[in-house]
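Two complexes come next, and they have one chain in common, chain A, joined by chain B in the first and chain C in the second.
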Partner chain A sequence: MGKRLLQSLILSSALAATWAVAAEKTAIQVMHQGDPGFVAAYGKVAERFEAANPDVDVQFIYAPHDAYNEKFSAAVMAKQLPDIMELDAPFLANYVWSGYLQPIKPLIDKDLLDDMTESNIAQGTYPIDKDLYAIGLTDSSVVLYGNRKYLEAIGARIPKSVDDAWTREEFETYLEKLSKLEGVKWPIDTFRGYGIKTEWITYAYGPILQSAGCDLIDRKAWKSEGTLDSDACVDALAMMQKWVKNGWVVPQSAGTNQFYAEGNPAALALGGHWVYAEAVAAMKDNLVVLPLPKFGTKGASPNGTWIWAITKTSKHPDIAAKFISFLLKDKEYRAYVASQSGYPGLKSFAAESPLYANGGPMAIAFEQASKTAVARPPHPAYPTITSAFMQAVDEVFNGGDPKEALTSAAKKIDEDIEDNDGYPPFGDQE
Partner chain B sequence: MVMQQSTPSSTTVRKTPARRHDTGRLMQEAAMLAPAVILLTLFLIVPFLLSFWTAMTNQPLVPRPTPVRFVWFNNFIRIFQDDLFWTALWNVSRFTFWIIPVQCGLAFATALLLHQKLPFRNLLRGMFFLPAITSMVVVCVIWGTLFQYPTGPFNQILGFLSGGAIQPIDWLGDPEWAMFSLVLLSAWQAYGFQMIVYLAGLQGIPDELYDAAKIDGANAFRRFWHVTMPGLRPTHVFVLVITTIQAFKLYTQVAILTQGGPKSSTETVVHYMVRAGFEEQKMGYASAVSVILFVIVLIIALIQRQLLRRFDV
Partner chain C sequence: MSDIALSIPQARAARPRSVARVLRTIQTVSIFIIALVIVSPLLLLVVASLKDDRFQILADMGSFRAFWVSNPTLSNYAEVGHLSGELAFGRYLINSLIILVTTVCSGLIVNSMAGFVLAWGSLRGRAVILAVVIALYVIPQESIIMPLVIMVSRAGMSDTFAVQIVPWVASPLYIFLFYQFFTQLPKELLEAAEMDGASFFRAYRSIFLPLSLPALATVSILMGIETWNQYLWPILVTQTDYARPIAVAIATFFGQDSIYWDRAMAASVLMMIPILGLYLVFQRWFVSSFIGSAVKG
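Our next item is the complex of A and B:
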C-alpha cells in the first residue's frame, strides 16, 4: 500500500515536472501557404529551430493559397492572429494600413537586413512611413520561355538581354508564324490555368499594360478612372483578347503545363521563375529563357512574392524575429529553394544561385528585375484593385468589350477608395 | 328573481376558474415556446435585422482605421447599378429554370422506379441516394476531372460514341457551356434528396385507392394520372419550393470549378456576395446583397405558393 502510494506520488510529481517544462515553452504561431514541398521544408526548419531553442514551440497554421486573404481576415475577426504571417507583397500596404503588422527592422538580424536586394527591400516596405515590415529569402519575376526547336523553325530572333527584347510587332508576328507551325497546338501558354482568383492575372498581365504605357491606378492621385480605362490599357487588353480569339493562347481549362507537357503543344510560355525547374527537367537544352516583350516604349516586369511579417498582436516578437532570421539563414531550406529555381532576394543567396548569376540560364530574369520591375500598386485598396482587374480580364478574354470591362473595374476601385475616405494618409498625398 | 340573480353569480363563479385556467395554460404554452422563440430570435431574427442594419453602412469585413458610416441606401443603389449583379441574378434564374425540370424530373422518375417491387430495391435506393450525401466539394473535384478539356473522359466518350463527329467541348471554359455543365453536376449530386421525398410521398398514398381504381378498370397510365399525381400534390409543392430556394443559393460548385467565370457566365448572387464581403472586404455591401437575395427568394416562394393554390395543386 505504502509502496503504491509512493509510486503514484513519484508519477504525479514527474507529470507535474513535465507539465512545468511544457508550460515554460513559448509557443509561436506561423501562418503560411505553399505547395507541399515548401510546407515540408518549413516543418524541418522548425524542428532544427526547436532543437536549438528547446524552450520554443513553433506551431504552423496552413492556409491554402487561393483563399489566403479570406482566412487571414477570419483570423483577424476571431482575434486569433498568429505571431508570424506569410503574406503576398502587394497586400502589405493593406495590412499595415489596417494596423496588423509591426516594423521589423529592429528585430531581424542586422546581417540579413544588409544582405537584402533592393527589390526585396522595396516589396517589404510600406510607402507611407518607409519602414520595413516584412522580409523574405526570395523575390520573383516572370519571363518568356521558348522552345528552341520551334523558334529556330520560324527563324525568330533570340534576344540576349532585356534591352533587345522583342517588340510588340515582332512578338505578334512570331505568334502568328508559330500558330501555323507543325506540332504547335498553341503558340503561347500564359498560364490561364492558374484561374481567375490567384493573383496571377494582376501579377503577370499587369506589366503588359504598364509596358503599353498605362497602369492599374494613378500612383500619385490614387484614382483609377482615367488610368485603367485609358486608351493605352484598352488597346493592350484588346491585343491580348485577339491572341485568345485567334486560338493562340492555351485555354484555361487545358491545365498549366502545356509548354513542357509531352509533345510540347505550346511553343512559348509567359511563366513565373518557378516554372524553370520543371521546364528544364523536361526540355533540357531545348528551353530558352527570354525577356518579356516590349509592348510600348518601355519594358515592364512583375516582382513581389510571399514574404514574412510579424503581427502587432504578437506577444513574442523577439522570438518570432529569431525564427524568421533562422529560417532565412537555414542552409537546407536555402538549398531547397534554390532547387526550385527560387529567385534571390538576398545578395548572399544570389551568390549561391548560379542560375541567376551573370551568364546563368535565368540571368535575364535577374537583369529584368533591376531594369524593368514595376511593383503592383502599394495601396491599401489593393484587394479591390486586383479583384476588379482579374474580373475585367476574364470578361475580356471571353469576348467582352475591353473598354466596358475596364471602365467598370476602374469605377469599382474608385468607389472602394471613396468608401474608405481615401485610405488616409494616402489621399492626403495629392 | 333569485334564480335570475344566481345566474350571473354562477357565471362569475364559472368565469373566474376559467380565467385562472387560461393564464395557467398561457404560461405553460409560453414556457414551452420559449426555447424555440429565444433560439429563433437569437440566430434568425437578430442576425437578419443586423444584416439589414449593416447593409446601410460601409462596414468593412475587419476593423479599419477609417470610421464606419451610415450610408442609407447607397449600397443598394450601387448594387442595382452594377451590371455584374444583374448578370449574377440572370445566371441563377437560368440555372433554376434548368435545374428544376432536370433534377426534379430525374428524382421523380427514379422514385417511381424504385417504388416498384424490384429485387434489391433498398440497395438501389441507397445507391441512388449516395451522391446526395457525398460532399459537394468532393463531387466538384471529381467532375472537374471528368469535364477536362480537351482530353477528359466526357469528351472521350462523346468522341467515341459519335465516331469523332463531336468536337471536344470546353465544358467549364466556354461561356456557352459552363452554366449547363454546372446544372448537370448539381442535378446529379442533389437529386437523391428529392427522390427520397418523392418516395415518402408515394408511400403515403393508400393502396386501397389503387385497388379501387383497378376494380374500376383503370389502366396503369390512368392510375398514375388520377391516383398517383393528385396524391403527390403536397410533395410536388414542397419539392418545387425547396429546389428553387436551393438553386438560388448556388455557390459551392461555382467557387470550386469556375470562380464565376468564364465571362461571368457562372457568377451567382451568393458568389457575388462572398466576393464582395470576403475578397473586397465590403461587409456592408455584401449584407445589402444578402438582403436583396432574401427578398427575391421570399417573393418567389410566395408566388409559387399562390400559383399552386390557384391551380388547386
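Our next item is the complex of A and C:
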C-alpha cells in the first residue's frame, strides 16, 4: 500500500514537472508565405531551434502569397500581430510608418548585420530614420533569359556584362526577327501569367519605365502627376503595348512559362532569378542569361524580396531576433535556398553560391544589384502606388490608351497621399 | 413500269425516316461533344494528378498528351494525404469535412425554422422581418468581412472550427428559399395539425419538414458548395492547421516563384470528391426542386 502511494506520488510529481516545463515554454509566432518547399524548410529550422532552445515554442502562421496582405490587415484589426513577420520589402515603409515594426539592429546578431549586402540593407531600411527594420538571407533581380539557338539563328549580339546590355533599338529589332523565326511562337515571355494580384508588374516592368527616363513617383517631391504620366513613361508603356499588339508577348492565358516549356515556344524571357533553376534543368547549355536592356540612356533593374521583421507588439523581441538569426545562419536552410537559385543578400551566402560569383552563370544578375538596381518607392503610399500602376499596365495591355491609363494612376496615387496629409514626416522632407 | 410506280411512294415514306435518323445522329454526336467539353477539365485534373513530374504536366498542357499518362502513380496522393507535419493535407481534408457537415446540418435546421416561422408564424411584423431578410441578401460579403473578423476575434473565436461555422449558419438566401417553399404548401395542413392538438413546432417537424425534401436538397447542395469553397474567411480567422480547411492548404502549392501542379492536382481531386458525393446524394431532389419551380413558375 505504502509502495503504491509512493509510486503515485512520484508519478504525480513527474507529471507536475512536465506540466511546469510545458507551461514555462515561451511561444513565438511567425507569419510567413512560401511554397511547400519553403514551408517544410521553415518547419525543420524551427525543430532545430527548439532542440537548441527547449524553452521556446515556434508557432507558424501560414498565409497564401496571394492573400498575404488581407491576412496581415485582419491580424492588425484583430490585434493579433505575430512576433515575427515575413514581408515584401517595398511594403516596409508603409508598415513602419503605420507603427507595426520595431528596429532590429540592436536585436540581430552583429556578424549577420556586418554580412549584409548593400542592396539587402537598402531593402530593410526605412528612409526617414535610416534605421534597419528587416533582414533577409536573400535579395532578388530580374534578367533577360535567352534561347541560344534562336539568338544565334537571327545573329543577335550576346552581351557579356551589364555595361554591354542591348539598347532599345537592338531589343526591338531582335523581337521582330524572332517573331518571323520558325519554331518561335512568341518572341518574349514577360510572365504575364503572374497576373495583377502579385507584385510582378510593378517589380519587373517598373524598371523598364525607369530605364526609359521616368519613374512611378518623384522621389523627392513624392508626387506622381508629372512623373508617371510624363512623355517618357507614356512612350515606354506605348512601346510595351506595341509588343503585345504585335503578338510578340506570351499572353496571360498561356500560363506562367512558355520559355522553357517543351518545344521552347518563347525565345526570350523577362524573368526573375528564381526561373533559372527550372530553366537550366530544361534547357541545359541552350540557356543564356543576359542583362536587362537599356530603354534609354541608363540601365535599370529591380531588387527587393521577402524579408523578416519583428513587430512592435512582440512580447519577446529578443527571442524573435534569436530565431531570425538562427534561421539566417542555418546551414541546411541555406543549402535549400541555394538549391532554389536564391539570390544572395548576405556576403557569406554569396560566397557559398557559385551561381552568382564572378564567371558564374548568374553573375550578370548579381552585377545588376550594384550597377542598375532601383528600389521600388520606399514610401508609405506604396500599396496604392503599386496597385494603381498594375491596373494601368493591365488596362494598356488590354488595348487601353497609355496616356489616359497613366494619368488616372498618377491621380489615384496623389489623391491617396493628399488624403493622408502627405504621410508626415514624408511630406516634410521636401 | 409497275415496279417504278410502286417504288415512288416507298421512297417518299423512307425519306422522313432517314432525315429523322440523321437528325438523331447529329443530336447524339452534339451531346457527346458537349459532354466531352464539360468533362475534359475534370479528366485533365485526374490524369495530371497521376503524373509524378510537375514539369511534365506543364509541358503536356495544350496538347492531347495532357489527357494521357503512361506511368500512372499515386505518389502525389500519398504526398498530400498524410495527417501530420507541415503539409498535412489529410488533416485539412478532415477539417473541411467537419466544417461542411456541421455547417450544412445546422444551416438546414436554423434556416428552415426561420423560413417556417416567416411563412406561417403568428409573430408581429412578419412582413418587415421578411423585407429585412431579403435586404440583407444584397449586402456583399466583402463589405462586412473585416468588422466580422474583429467581432469573432474579440469573442475569442479565432483559430477554431466554430469561427468557420457559426457566422455562416443563418443565411438570408436560404431562409427565403425555405419561406418560399413553405408558402407553396397548403395552409390546411397546419390547420389540420393544430386541430389534432399538434404544436406549431410539431407541425413544422412532423409535417412540413418531411414534405420539404426538394428545398432541403437544394439548400444542402448550395450551402455545401459555398462552405466547401470558403477561402478568404478561413485565411483571415485561422492561424494554424488545427481548423484550417483544404482550400487554404491547396494555395500553398501556388507559390510566388513556382507552382506544384502535381500535388495541387491530387489535392484538388481529393477536395472534389466529397462535394461530388453530396451532389450525388441529393441530386434527385435537387433536380425535382428545379423542375417543380419551373412548372409552378
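FYI, the second predicted complex is superposed on the first by the 414 of 430 C-alpha atoms of A that agree within 3 Å, B and C clash if a C-alpha of one lies under 4 Å from a C-alpha of the other, contacts with A are read in each partner's own complex, and residues count from 1 in each chain.
One rule holds in what follows: a residue touches a chain if its C-beta (ideal position, glycine included) is under 8 Å from a C-beta of that chain, and two chains touch if they have at least 3 such contacts.
Every value quoted in this text rests on a predicted model; they were computed, and no experiment measured them.
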Query: With both structures lined up on chain A, is it a clash or a fit for chain B and chain C?
result: clash
Task: Return first, second, both or neither, reflecting whether A:Ala63 touches chain B, chain C, both chains, or no partner chain.
output: second
- prompt: Which partner does A:Phe49 reach: the first (chain B), the second (chain C), both, or neither?
  reply: neither
Task: Once the structures are superposed on A, label A:Asn257 by its partner contacts, choosing first (chain B), second (chain C), both or neither.
output: second
- prompt: For A:Gly195, is the partner it touches chain B (first), chain C (second), both, or none of the two (neither)?
  reply: first
Message: With both complexes superposed on chain A, which partner does A:Tyr336 reach: first (chain B), second (chain C), both or neither?
response: neither
Task: Would you sort A:Met77 into first (chain B), second (chain C), both or neither based on which partner it touches?
output: both
- prompt: Where does A:Ser98 make contact in the superposed view: on chain B (first), on chain C (second), on both, or on neither?
  reply: first
Statement: Stretch of chain B hitting chain C after superposition, from 117-125, 171-179 or 297-305, is 117-125
Task: Show which residues of chain A both chain B and chain C reach, each in its own complex.
output: 70, 73, 77, 255
Field: Parts of chain B lying in touch with chain A, wherever the complex brings them together
entry: 58, 60-67, 78, 82-84, 147-150, 170-173, 175, 259-265, 275, 278-282
- prompt: So in the complex, which bits of chain A are touching chain C?
  reply: 29, 33-36, 38-40, 42-43, 59-67, 70-71, 73-74, 77-80, 198, 255-257, 261-262, 272, 274, 278, 281-282, 306, 340
Field: Partner chain A, residues of chain C touching it in the complex
entry: 55, 58-61, 85-87, 146, 149-150, 153-154, 158, 231-232, 235-237, 239-240, 248, 251-260, 263
Interface residues, chain A side, partner chain B - complex: 69-70, 73, 76-77, 97-99, 195-197, 251-255, 383-384, 387, 391, 394-395, 397-400, 408, 415-416, 419-421, 423-424
